[in-house]
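Down below are the structures I want you to see.
Paired with chain B in one complex and with chain C in the other, chain A is shared by the two complexes that follow.
Right, the complex of A and B next:
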C-alpha cells in the first residue's frame, strides 16, 4: 500500500503504463546534482521508481507537451501552475485533452536556491525536506530553514496551488490552501512614479544576456520562430544593448498577456536572476480587472486577446455615430 | 534656440480614411515631424511596431482605425483595440506615459478630422515635453 507522495505517484504511473492507458509518463527524477531535480520521461512500468516530486522540482513540465508528438498519449505529474498551463495549451490546440492524463499533486511549493545563498554564502551540498522544515547541508555544516522562508516568490504569490481539472489527485496535503492573490507587491510597483518605474524596469532588464532560457523554460513560448530570431526584417537588436534587452522583456511579457500561469519557471531558469514575473503579473492583473479572466482556470473560456467580445462601452466607442475617440 | 517639434508616428489603416482628400493629405502633405505607417488593417499593427517607434525616438503614437463593425476584415479593429490599449497601459507602467498615445476610430462620414487631431495631439505633446524613457534604439532599420 503506497504511503508517501512519491509512492502514490509511482503507483499511479505504474498502473497507467501497465494498463496501456498512456505511452509515456512525464515527471521528475533525481538530477546530476544532489539538490537539483530533472524532468524524466518514463515509458516502461519497471522504471517508475525513478519518479519523485519535491520542492526542488523547478521546471514547468507542461513545456514538454510542445516538444512531444501531438497524438502521443501522455500522463503528466502536475502541480497547480502546471495544470493551468496544460489547460491553456489545450485551449490553444497544442495538445488534445483526450490524449492527456493529468496526475494532480497538491503543490508543496518550489524552493529558491538563491534565497538560501542570500542567507549563507557557503556552497550547498545537499537539501533534505521534512514537512515544513528544510535541512540544508552546507560546506560548513547543517542549517535548518522554515519552508516559507526560502520559497520562490512565484509560489509565495501563488493563487491556485491545487491542480485544476486533473484526472486524479494524489491524496496528500499540499502546503497551501486556495487563497486570494497577494497583490501588494504589484500595487507598490504601480504606485511608483513614471521615472521610478522605468528605472526599476531598466535595472532588471539591463542584466539580460539574451540567452533566452526564460523562453525555453516557459510552456507558453512555443512559436516556431520567435520574434527575436527574425533577421529580415530584424525587429529587435540581438545583442546586449539596452534597446534589445528592453524590447525582449517588454514583448516577451506582452505575448503572455492572459496566458501566463505565473509559475515563475522563467525566473528560476534565468542565470542572471532577473525578476520578470512582475511584468506578466501586472498584465494578468489588468486582464482580471477588465475581462474578469484568469489563465487556465476555465477550460472553455478563451483568453481575452483571442475572444473578441463586444466591448464598445468600455472604450467609449459606439458602432454608429457617437464616439469619444 | 530652435525648438524641435515632437516626433509623431501615425499608424493608419488603409480603409479608415473614407475621404480621398484626407487620404491624399495624409500621404503627401504630412508635416515633417509626422511619420506615416500605413497598414492594411489596424489589426495588423503588432505591439512590436509601436515599440520600435517608441525606441526609435517617437514622442507620440497615433493609431487610426475603422469604427467597430466597420472593419474591412470584420474584426481586425476589435483585436487592435483590445491589444493595443493594453499595450499602451503596459508601456505606461514601464515609463512611456499613456498621454503619448492617441487612438482614434474613424467614422465613415468624418472629413478633415485627422488634421485637427494631429494638431491637438502635437500641442499636448509639446506640453508634455521631450520623452526621455525607452528611447534606446541605436541601429537603423533601413540599413538592415
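Right, the complex of A and C next:
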C-alpha cells in the first residue's frame, strides 16, 4: 500500500518524466519476497505508481550511477546516506551534478532482517510497517517490534538522516534527528587490546566467501579493476585462506577512508552477514578528528585523501603540512 | 529400493555410531547460519525441521578453494587422502545438483579426479523436505522435495520417526540393522508426499522455455531484467549446480589452486587482450539464465537449476530467477527492441 510519502515521491517522479526534466527515475519497488524491495528504473510517467519506499529498501541507490551512462539525466530517490554518496561520486567526477535530480527523503531507517529473523529455521513470511511499529509474521507466529529494535546498525549509528544538497525534499518528517558526529559505539572496539581486536576482526573476515557483494553494493567501490582482482602484481591471496580474507577486508576498508558514507549497504548485501562497517567507521572517525571531515556532507569538499598531494590548506597538507607528499 | 523405519531417538544413536567409523558431515548451527560441517559433537547436528544450508553442499566436493598441485621447482600432484565419509541431511535439490555436476565435471575420458575422488568416497543420506520454503521451487524444474536421485538413503520425517528409503548398495550396508517399514506407515508417507508436493509450484515446460529463451537472446529483455544486478557472486556461489572455477598459481605459497569463479563477475570473461566478450551485466545475466534453462537442456535435456531458491533469497537486489523464467515463458520480450 502506497503511503502518503510514496504518493509524494510518485507525483514528483511523474512531473520530472512528463516535463522531460530527466530520462529515468531510480527508486524502489515491491520485490518478489515479503521481506524484499527491488531497485527500479522508471522511464515512463505511467509507471511511477511502482515507486515505494519503506524500511525494507536495503540498497544504496547511488551505486547505480556507476552503472549507467554519464550523460543520462537521472533522478534518484535519496535518503541521507544515498545523498552523501551522490555528493562524493560527483566530487570524484563519476557524474555531473547538473545531470542529476535528487528527490530527498528524510530517512525512516532500514530494517535489519537478521534482527527480525533470529533463526534460519524461522523465516519471515510478512512484514507490515506502521510508524514506529513493525508487525512481522514469522513461521513461528506474529511479533510486533519497535522499529528501533530492528533497525540496521548503520541506521542506529547514523548522524545525518537528512538528504544533503537535494533538489527537493519530500516534506514528510523522517524518524531521526540530525546530530553532530558521533560514532561512540566504536569505543568498545577501541578499548580492546591489540590481540582482542585482531581476533574480533579475523573471526568475522574468515567467514567471507569472496563473493564481493559488499563491494558491488557499495557506491564508493567503482574501480574498473579492484585491487583484489589484480594479478600483475597480485596484491592478495586468491583463496579463502585467512591471509587473503584479512587482506581483502583491510584494504577495502582503507580505500574507503573519508569516502564511506556509513550506509551499511555492504553489510546488508553480504550473504554471510559479515559486519565490517565498523572498520570504515573507525577510519572515518580518524578523518573527523584529524580533518574535521565527514564524507559527502559538504558538496564542495574533496575527501582528504583525494586532496592529498595538492597544496590544500583546508586539510593542512601541501608543502608545510604533515601529510605532504 | 528398501523402505525402513527408525525413531528419532534411534536415529540420533545411529548418527553417533557412524561418527565413530566415518567422517560425518552434517548441518550444524554455527551461530551465523546452518552449514555442513565435519561433526565433532554429534549432539550439535541439526536433524529435524530445517530447510537448507546457506552455503551449498557442492563445497564438500568442489571446495571454494582447492590446492591442485604444489611446486618447488617442479610440480607435484597432491595426494588423494579422501576417507570414506557420510554426508548427512542434504536436501534433494542439492543431491540432484550433484548429478548435474557429475555431468559437467566427469566425462568418461577426462574425469575431474579431485571431484571424483571426493564424490566416490561419500555416502549421501538426504532428507526430504516436509515443509519447503516460500523460495523453494524444485517441482518447477523437474525435481521434488522427496526426490531420491543421487542419494544413497533418503529420510522422511514422520512425526516422532523417520521413514528410511534405502536406495543403493552403499545405503544397504549402513542401514541393514533397521526394521522394515510397515504398509500403513508407507501409506502415510505417500499421503504426506502428495500433500507437500501439491502445494509446490507446477512444472515449467522446459522445451518451451528453452525455445523462448533462444528467441529472446538479442532483445532488450535482458537489459530490462539485468538493470538492477550488481554483478556479485552471491547467486552463483550459493548455487548448488554452478561449477565454474579459475586456476591460479599462488606463487608465494608455491601452490596451484582453483577457486570458484562466476560468469557474473566482470573479470570472468575478460581476455588478456583487454577484450571482454560479455562486456556488461546484460550479457552476464543472460548467460547465467541461458546456461541454466537453455544450454543444459541442449546438452542433457535437463534444466540446470535445481530450484533450491538460494539465489532468490540472497540476491542483494532481489533478482528472482523464477520471475525471469516466467517472463521469458510468457514471451515478454516479443516486441522489445533488438
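In this text, the second predicted complex is superposed on the first by the 298 of 325 C-alpha atoms of A that agree within 3 Å, B and C clash if a C-alpha of one lies under 4 Å from a C-alpha of the other, contacts with A are read in each partner's own complex, and residues count from 1 in each chain.
Rule of thumb we're sticking to: a residue touches a chain if its C-beta (ideal position, glycine included) is under 8 Å from a C-beta of that chain, and two chains touch if they have at least 3 such contacts.
Keep in mind that what you see is a predicted model, and the values were worked out from it rather than measured.
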Worksheet entry | Touched partner set for A:241, first chain B, second chain C, both or neither | both
Worksheet item: Thinking of the overlay built on chain A, is A:305 touched by chain B (first), by chain C (second), by both, or by neither?
Response: first
Practice prompt. Could you tell me if A:288 is touching chain B, chain C, both of them or neither one (first, second, both, neither)?
Written response: neither
Worksheet item: Which partner does A:250 reach: the first (chain B), the second (chain C), both, or neither?
Response: first
Discussion item. Taking the superposition on A as described, I'd like to know which of chain B and chain C A:197 touches: first, second, both or neither.
Written reply: first
Discussion item. I'd like to know which partner A:222 touches here: chain B for first, chain C for second, both or neither.
Written reply: neither
Practice prompt. Once the structures are superposed on A, label A:185 by its partner contacts, choosing first (chain B), second (chain C), both or neither.
Written response: neither
Worksheet entry | Doubly contacted chain A residues - partners chain C and chain B | 234, 237, 241
Discussion item. Under the definition above, what is the set of chain A residues touching chain B in their complex?
Written reply: 189-190, 194-195, 197-198, 201, 227, 232-237, 241-243, 246-247, 250-251, 253-254, 257, 282-283, 286-287, 290, 304-305, 308, 310-312, 315, 317-321, 323, 325
Worksheet item: Which positions of chain A touch chain C when the two form their complex?
Response: 31-34, 36-41, 58-59, 63-64, 67, 120-121, 123, 125, 207, 209-213, 215-217, 225, 229, 231, 234, 237-241, 268-269, 271-273
Worksheet, complete the sentence: The chain B residues in contact with chain A across the complex are 47-48, 51-52, 55, 67-70, 75, 78-79, 81-83, 85-87, 89-95, 97, 102-105, 107, 133-134, 136-139, 141, 144
Worksheet item: In the complex of these two chains, what residues of chain C are touching chain A?
Response: 29, 32-34, 49-51, 54-55, 64-65, 133-135, 227-228, 230-234, 237-238, 246, 248, 250-253, 257, 259, 265, 267, 281, 312-314, 316-320, 322-323
